[in-house]
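Before any comments, here is the structure.
Order as written gives the chain letters A, B, C and D; numbering starts at 1 within each chain.
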Amino acid sequence: MKRPDKTTTLTTEFDIYVDLPSTMKGSHLSRNLEVVSEIVEEGVREPVESLEALSSDIARRLLERHEYANYSEVRTVADYFLERKTPLGKRTTERYRLIANAEAERGNPLIVCKSIGVEVVGMTACPCAMETIKHELDSQGKLRGTDVPTITHNQRNCTRVLLEVPEGFDVEADDLIDLAEGSLSAPTYEILKRGDEAKLVEQAHAHPRFVEDVVREILARLLKRYDNLPDEARVHVTSESEESIHKHNALAERVTTFGELRK
Amino acid sequence: MKRPDKTTTLTTEFDIYVDLPSTMKGSHLSRNLEVVSEIVEEGVREPVESLEALSSDIARRLLERHEYANYSEVRTVADYFLERKTPLGKRTTERYRLIANAEAERGNPLIVCKSIGVEVVGMTACPCAMETIKHELDSQGKLRGTDVPTITHNQRNCTRVLLEVPEGFDVEADDLIDLAEGSLSAPTYEILKRGDEAKLVEQAHAHPRFVEDVVREILARLLKRYDNLPDEARVHVTSESEESIHKHNALAERVTTFGELRK
Amino acid sequence: MKRPDKTTTLTTEFDIYVDLPSTMKGSHLSRNLEVVSEIVEEGVREPVESLEALSSDIARRLLERHEYANYSEVRTVADYFLERKTPLGKRTTERYRLIANAEAERGNPLIVCKSIGVEVVGMTACPCAMETIKHELDSQGKLRGTDVPTITHNQRNCTRVLLEVPEGFDVEADDLIDLAEGSLSAPTYEILKRGDEAKLVEQAHAHPRFVEDVVREILARLLKRYDNLPDEARVHVTSESEESIHKHNALAERVTTFGELRK
Amino acid sequence: MKRPDKTTTLTTEFDIYVDLPSTMKGSHLSRNLEVVSEIVEEGVREPVESLEALSSDIARRLLERHEYANYSEVRTVADYFLERKTPLGKRTTERYRLIANAEAERGNPLIVCKSIGVEVVGMTACPCAMETIKHELDSQGKLRGTDVPTITHNQRNCTRVLLEVPEGFDVEADDLIDLAEGSLSAPTYEILKRGDEAKLVEQAHAHPRFVEDVVREILARLLKRYDNLPDEARVHVTSESEESIHKHNALAERVTTFGELRK
């Protein structure tokens, strides 16, 4: 994938669909793989512009190849790595996931609808337990006017943003990752020395968030950051926390449009 | 499975192995399933004593049925549910996993070696970040003599204990679950109202534990609780935390014998 | 779950959702678990009628408990076992999955919409390779008038049917399993002696099916078997084969209504 | 990874272990990630020679960095792609997995033990059902002297070979993949047109194999191909078939040494 200032090699998974008219017994499935194969080979010679351009291209060629189909869909997911700095400035390489979906519908002209998404693993700290405990400590006279941060449960969180990007608009994956990661209580890092670990824990406790808060925060930031996107543009946000105090996860999700968000 | 005071229905998964002498082309695989099927049917009429008795029985019958084999192995895993009380006394049903392995070796007499194990999901709070932060707050003069608990990262933890139980000895699964769950920073519960949530978070912060601590604690408790087990009895403990500050997990593991532990 | 002539114990997984109005910061998540817990306890005293009745009941009580929510959704999946007979009449216990979803929408009266589904693992044999090979053998004069079955690739297949069941209608899970299993090239069995294995392979080759065929066959049978279901009743069928000649799977899917099917 | 005639970018997963003396409370886990990070950064500047060299290097540096540890272990797995030709000569890109493990033990000199492995997805056709059916057709007088291939069940198979490679010996991953893939009933391909599909199905039926056969075939080929490996070299082979006639898989496994194989 080509990004403004770099070319990266991504290992990518594809899910591919075409519709089948009632007059056909089965699909020519090998054509799906031929299309992917062609594009991969072309990509070896010249880098593709983006994962979403790749998906759109596959969706378009699927309809050329399956002359009996009126609809095609391509979903791609790829691991993606960015260099980050820890709170104290140490360099570390962090893993993200890129998502790019494309749907093509036969017509004149052929319509291609594409979405770009990211998956970010970070941290949430629970505001509810924090408040309950703070109130309890206060009523027991233990706080004595200090403002030391109050304990709470915190956990690994996986958040996913998927944004429809109409023709003529442009959304950078790195931007979307920054936006999602910044909406959590704190990011996570692969390498953390003691001082960094302490700073990160403090950062998470300074920004306690429910999964519901994370989803709301992301939607608010999307609206501000991509204010030129049309009302019809769909957005899908999910945030899932591996609750450290439960055996089950907590999940918040919203599927909406920019028009709805603007109300 | 029959427990002292109750009969429970468990959905159980089996992995089944027999060795194959060089003179045979392939195994009669259907015999494996016949043995399981027989035992399941007998179990419908009369409850089996325990998951490990079931595994041993299957391992023994596998050698009867596969007359060409000298070794058989059975690994079973089952979901298991116990009623628990939250810190403030509310009843909740919690999920655990039971493990029972059996190996049979042909001989006169036939030797069967069985292990019983449990898997427990709980919580760990990190002692290292807690100490660093406490020291920092103290050196900044923020503690002012209070003893409010210090923040740290905490996370869901999955801990597994597998214990070889020689013929004539008896280990109750419920005991083993208590022992493992009590070695974590805190248990987890499916239902927690606010007050319970606060108490649980405090409990976890009062017992900060690395995964290495959890493994050591379990081994120490096993040695004390089952002090009649012979030196040869093997034990295998793993503890894995879904580190909330990292994208990777931390895992500690020890495979040893009671003899080694006694040194 | 209570079935006409038997009571079964099922280990069940729940996914539970409620919507959240913009005026609320977060959901009272513990209430979800309380509702499940209540119903599970009641079920210990008296068996529940069906998995879909259980789901509907949870969806309804979620709206009672979360007075701020207007929508709730419950998805349940449970392992399920049926006694079957192999082609030569041997008894075997086979594993299936039951699915029951319920959505409740606040209103006067409150609307509950429920779906029942099953997942069946069976076998598909490819009609395309069979035909190509038969034609080839024929053109080489190798068939010599015999009608021995022609080789093809065959594989494990997982098929899922989900059917909306409006108030006042009744669909038995066992019926739905029979219908789905009968639409594959052949069922699969846990225990098969040689003679049974041969018969099953012959059965699969006598009914070669693409995943597209499986979906179509199921839809045709549903329409006939449940001809009293209203036009609005939704149905969702997916069939996925672990293609033995490829590293990827083949999947066919259709989401439609009985009204559409009747056209 | 550098191969004779090409440089490839691999996305690699690492599992990393060090032992912990009884005098230490916990491990300095961040050091593990620092080692990986260093090596990854060096690899950006200059390609690493092989995945096993990378693993050995990490294992060695782990002992340098964890001065209290006496043992370290590194397990790496990476997706790997090779260009293949289908039976009729069409080019296709196929996915494999590379495995490289390394164990280092402190001493003078430090001992590093490394293993290289591959995972191959292919196809097995069952010899047992084929024989039963052939015998049956023959006794019914249906064969009439034809030699058309007999039907049987066939399925996707995943086979894994792990080979200890002592210092001074060299094993190419591509060779190992060829050896394992060639021991199955047939390879699998992502793209197959009709003619290719037919040829592949015929190839699989011409080489019916149990999972036990696959393991034996691989061991025999390893012994011949790497006849210079010393008696102590360990080898671990597993072959697992997703049996199309069952809901469970069939697995064969052998852990042995070249010395044992030579007997």
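Just so it is clear, a residue touches a chain if its C-beta (ideal position, glycine included) is under 8 Å from a C-beta of that chain, and two chains touch if they have at least 3 such contacts.
Please read these numbers as outputs of a predicted model, since none were measured by experiment.
Chemist: Return the chains common to the contact lists of chain C and chain D.
Modeler: Both chain C and chain D are touched by A, B, going by the contact rule given at the top.
Chemist: Quick check: more C-beta contact pairs in A-B or A-D?
Modeler: Looking at contacts between chains, A-B has the larger number.
Chemist: Need the CA-centroid distance for the pair chain A / chain D, whole Å please.
Modeler: 33
Chemist: Centre to centre, by mean C-alpha position, how many angstrom separate chain A and chain B?
Modeler: 35
Chemist: Which residue numbers or ranges of chain C touch two or more of the other chains?
Modeler: 33, 128, 190, 192, 248
Chemist: With chains as vertices and touches as edges, which is it: line, ring, star, complete or other?
Modeler: Complete.
Chemist: Would you mind writing out the residues of chain D in touch with chain C in their complex?
Modeler: Interface residues on the chain D side: 94-95, 121, 123, 126, 128-129, 132-133, 136-137, 142-156, 186, 188-190, 192, 194-195, 197-198, 200-202, 204-205, 242-248.
Chemist: Which part of chain C faces chain B closely enough to touch in the complex?
Modeler: Against chain B, chain C makes touches at 9, 11, 30, 33-34, 37, 40, 79, 92-93, 190-193.
Chemist: What does chain A use to touch chain C in their complex?
Modeler: Interface residues on chain A, with respect to chain C: 17, 20, 24-27, 29, 33, 127-128, 210-213, 248, 250-253.
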